[in-house]
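Going in written order, the chains are labelled A, B, C and D, and every chain counts its residues from 1.
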Amino acid sequence: MNVEKIREDFPILKRKINNHPLVFLDSASTSQKPVQVINAIKNYYEMNNANPHRSIYQLCDEATQMYEDARKKVVKFINARNDEEIIFVRNTNEAMNIIVQSYAMDNLKEGDEVLLTVMEHHANIVPWQMLQKKGVKIKFVDIKDDGTLDMDKLKDMMSKNTKIVSVTHKSNVLGSLNPINEIGKISHDNGSLFVVDGAQSVPNMQVDVNNINCDFLAFSGHKMLAPMNIGVLYGKKEILERMEPFMRGSDMIKEVQLTESTWNDLPWKFEAGTPNVEGAVGLSTAIDYLEKIGLDNVEKHEEDLTKHALERLRDVEGVKILSAKNGNGMVSFHLSGVHSHDIAYILNDSGIAIRSGHMCAQPLMRRLGVQSVARASFYLYNTKEEIDKFVDSLENVKKVFKK
Amino acid sequence: MSLEIYHETILAHYNNPGNSGVISDADVISKDNNPVCGDVVEIQVKFNGERIDEIKFQGQGCAISLASVDILIDAIKGKTVDQIKNFRQEDFLKLLGIEISPLRLKCALLGLKVLKTGVYSYLDNNTEST
Amino acid sequence: MNVEKIREDFPILKRKINNHPLVFLDSASTSQKPVQVINAIKNYYEMNNANPHRSIYQLCDEATQMYEDARKKVVKFINARNDEEIIFVRNTNEAMNIIVQSYAMDNLKEGDEVLLTVMEHHANIVPWQMLQKKGVKIKFVDIKDDGTLDMDKLKDMMSKNTKIVSVTHKSNVLGSLNPINEIGKISHDNGSLFVVDGAQSVPNMQVDVNNINCDFLAFSGHKMLAPMNIGVLYGKKEILERMEPFMRGSDMIKEVQLTESTWNDLPWKFEAGTPNVEGAVGLSTAIDYLEKIGLDNVEKHEEDLTKHALERLRDVEGVKILSAKNGNGMVSFHLSGVHSHDIAYILNDSGIAIRSGHMCAQPLMRRLGVQSVARASFYLYNTKEEIDKFVDSLENVKKVFKK
Amino acid sequence: MSLEIYHETILAHYNNPGNSGVISDADVISKDNNPVCGDVVEIQVKFNGERIDEIKFQGQGCAISLASVDILIDAIKGKTVDQIKNFRQEDFLKLLGIEISPLRLKCALLGLKVLKTGVYSYLDNNTEST
């Protein structure tokens, strides 16, 4: 894997911030885009743009084909069974809302339980809280002190009332991979539906829904080189078929009468209105890019960078690492006496972009006993030199705060 | 995409569909539409055991979808349920003898979809009752 | 207004279809994009891309600024009062779902009525049907035989039970402008909430929410030169404030506890997850483009083209015009003995792109007594020559069908 | 954006906030957070008629948000309700004397937002009770 060559594909990496080259260490928030994806968007609008599915002329034919080909690309990418299982959404948040509002709302009842973990992103917490008004209980599996999920507690908390287990594949703070196959097996043995938040895993490792055997998987294109506002909800066909649509309107219908309508076939039943062809084309191009490099290589590269970052950070006085033992692709940390926002702001002065704040994971922050963290996350275009620059620049932070 | 799809046979079937009509004592009535354009096709079938005895259609739609269903019915009249189950999209498109662009594929295949749905529901009912 | 110069801004117009120059007459479905918008997207990804609102580094600052500046641009464009009234959505369909699912579901009860018209797009019908399960009645105002809305009937159908009136500003089939100010006044005098579907009007005329005095307005960016998957829900602040969020998750919260969350301020309360900065930037650039040309000029140009098209079509034997007397920007028609799909397909052979089918307005199709129509719609880049070519090519259709 | 925002005064207030604390018999307790970063500021006020008698804050956040609220309190101690109502964002930013980038504006202004909310709720309650 030739990182220097990869970097040339990312125009934004040529940018200077305060006269320093940009060091972008916030890909876990959103990734940068290669020229291939940017050009795919440009070409689509310059050559093929039309509202798909709706008419009979050639541009419409092409746009429809490109949109549905992108779906087929996703089918293969995550090893789904067929097109009917792939719903294009805006982002992971929306996918979770579809699961909660169109599946759980209709199928769970008072006394039922949903099992989450304390390390979930708000996207996998807040939607589920809607169920509480129906008397459904939301429970949270704790982590162990090394930052990994407490599997014993998870097993203990499973009961005959547990109707859904929804877990992130990879924590966006701890970087830890949860044992998703094992959790899936426990869930299914218990008769519970199994939902996976793949927002942090799908961008940088091979995720195979057939192997994981999850009932739903959600992820966002923008974290994996694709444009904003395209994401995927994978769902098993048998389940999607039984669900009511989430949004209603045009394109998701078969026939509209004044007072009743019938729904279109899967997957379109869940895609109301003019779809995002641009986004689908961008996602398809992003998948090509990732597959050409090889997701195994991407994963390995992130492992190397993470190892290097941890080694370097360990030598910095006052730094406390908050990532999990088996964490990967990111380091979350704390610098004694300095708020994460101040760290991020001072690093920015040297062109370094890291994330600071609660990481959309307030329950985990409370569990870790912190109010916020600083996080540097890595992707295929980052280098060890960038990590060195980041760690070295922490000295500037200390200087300002006289630590 | 070209205008060759409107060859003589297609236009003839569209203008004078020989299989248009209803069956008073049909065993199966199957209907579906194409949500893109609103084309509707309904097929009525009377079986004689495993074999199609009589088959008619009604529909509203473009030349391609209506001619296709008329041609389809000519082709499968008198065939057995098993033969229809094994009759694939490719077979039918070969029979039509025209190159269909992706967006018109749904027009051309609407009749076949309705027919298969009808045959499967006949089989289901038959299996249940035995 | 220099149409030739405008055309140079639209790369797709250089495309050849079957060796003919593309004649794109389906802008009412989705518009083509000027190079300014395409470049704005490209520049955003090459220079400023980041997940907005979330962090403290410069790219994030820029992306946030661009996103919120786009919102301010929309505020001025439709003359809203402030940013809190502008919610970025995917498209008109989604906007309608927010109104129905987050406002009407919570505020209407058995016996209440919603008043629509038979000319509505599915986007303004199907979501409302959800209310029927609560015992809310959906009623439809008819059109007169000249294709205009029957205002007498509308007045008759208003009752103390009418809680919401939702009407399209401009029909996407008839091209007619509804007397939206009058309907608004009638609605408010009756104590009803007034919703406007602006999908067909906002792209080509000045729409001023303060003047219309609507409570909600919905429109889609992709029909007005902007990229796909960005649209706007305008709502009066007092109403939006009382509403529960539609989607739940990250960014739309203020604080997340395990079993309860508090909502973010307006407008973010309605924007869950990573937002569409690209789309917002594209929409902002599209508004600049339209305002530079002047929406009055766009409207006037469409009037001229429509007049020309109607004059030419009147001379074609077998053509029946279905647009309304006061219709504008489009002509919907019927050719005796030929299905609209066959018309569209044969015109495509000469590079002409028109829409065929039910136009996502099946109730109107039934009212007009047709199963489908053909529609040619015009935008700022179309010319009289293109319309001539379209009308001339109808002869090919007749030739194929020997009419 | 530059590091000048961390000048001596800011750091002094951050490291030794003179106005940090609680008031046992506060008339108003006002609290808000910045949803972006989770910074929290709570202000407690005791009024003497129209005038602020005592005012303290508690908070968790970055140097800018915590120093800002401490500086704010120094500036408005002893002022009347009307004076606070008329105290604008611009006035406060001038007082801080630093150029704030858009994303840190929310940090700098969190304290002022909490203070104003508190004062308005005090006014509301006072108006109701008279």
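One rule holds for everything that comes next: contacts are C-beta pairs under 8 Å (C-beta built on N, C-alpha and C of every residue); 3 or more make two chains touch, one makes a residue touch a chain.
Worth saying up front: this structure is predicted, and the values here are computed from it rather than measured.
Peer 1: If I average the CA coordinates per chain, which chain comes out farthest from chain A?
Peer 2: B
Peer 1: List the centre-to-centre spacing of chain A and chain B in whole Å, with centres computed as mean CA coordinates.
Peer 2: 44
Peer 1: With chain centres taken as the means of their Cα atoms, state the distance from chain B to chain D in Å.
Peer 2: Whole-Å distance between the two chain centres: 75.
Peer 1: So, what's the distance in Å between the C-alpha centres of chain C and chain A?
Peer 2: Result: the chain centres lie 31 Å from each other.
Peer 1: Please list all residues of chain C that touch 2 or more other chains.
Peer 2: 18, 54-56, 58, 60, 251, 253, 255, 341, 345, 348, 356-357, 362
Peer 1: Residues touching two or more other chains, restricted to chain D: which are they?
Peer 2: 1, 36-38, 104
Peer 1: Run through the chains and report each pair that touches.
Peer 2: A-B, A-C, A-D, B-C, C-D
Peer 1: If we count contacts the way the header does, which residues on chain C are in touch with chain A in the complex?
Peer 2: Contact set of chain C toward chain A: 11-12, 15, 17-18, 22, 24, 26, 29-30, 32-33, 37-38, 41-42, 45-51, 54-60, 90-94, 96-97, 100, 118, 121-123, 125-127, 129-130, 132, 138, 140, 220, 222, 227-230, 247-253, 255-261, 272-279, 341, 344-345, 347-348, 352-357, 360, 362-363.
Peer 1: For the complex, which residues does chain A have touching chain B?
Peer 2: Contact set of chain A toward chain B: 53-56, 58, 60-61, 64-65, 251, 253-255, 264, 268.
Peer 1: Which chain A residues qualify as touching chain D in the complex?
Peer 2: Touch list, chain A to chain D: 18, 338-342, 345-346, 348-349, 356-358, 362, 365, 371-372, 396, 400-402.
Peer 1: Per the contact definition, I'd like the list of chain D residues that touch chain A in the complex.
Peer 2: Residues 1-3, 5-6, 11, 36-40, 60-64, 104, 107.
Peer 1: Per the contact definition, I'd like the list of chain B residues that touch chain A in the complex.
Peer 2: 1, 33, 35-38, 101-104
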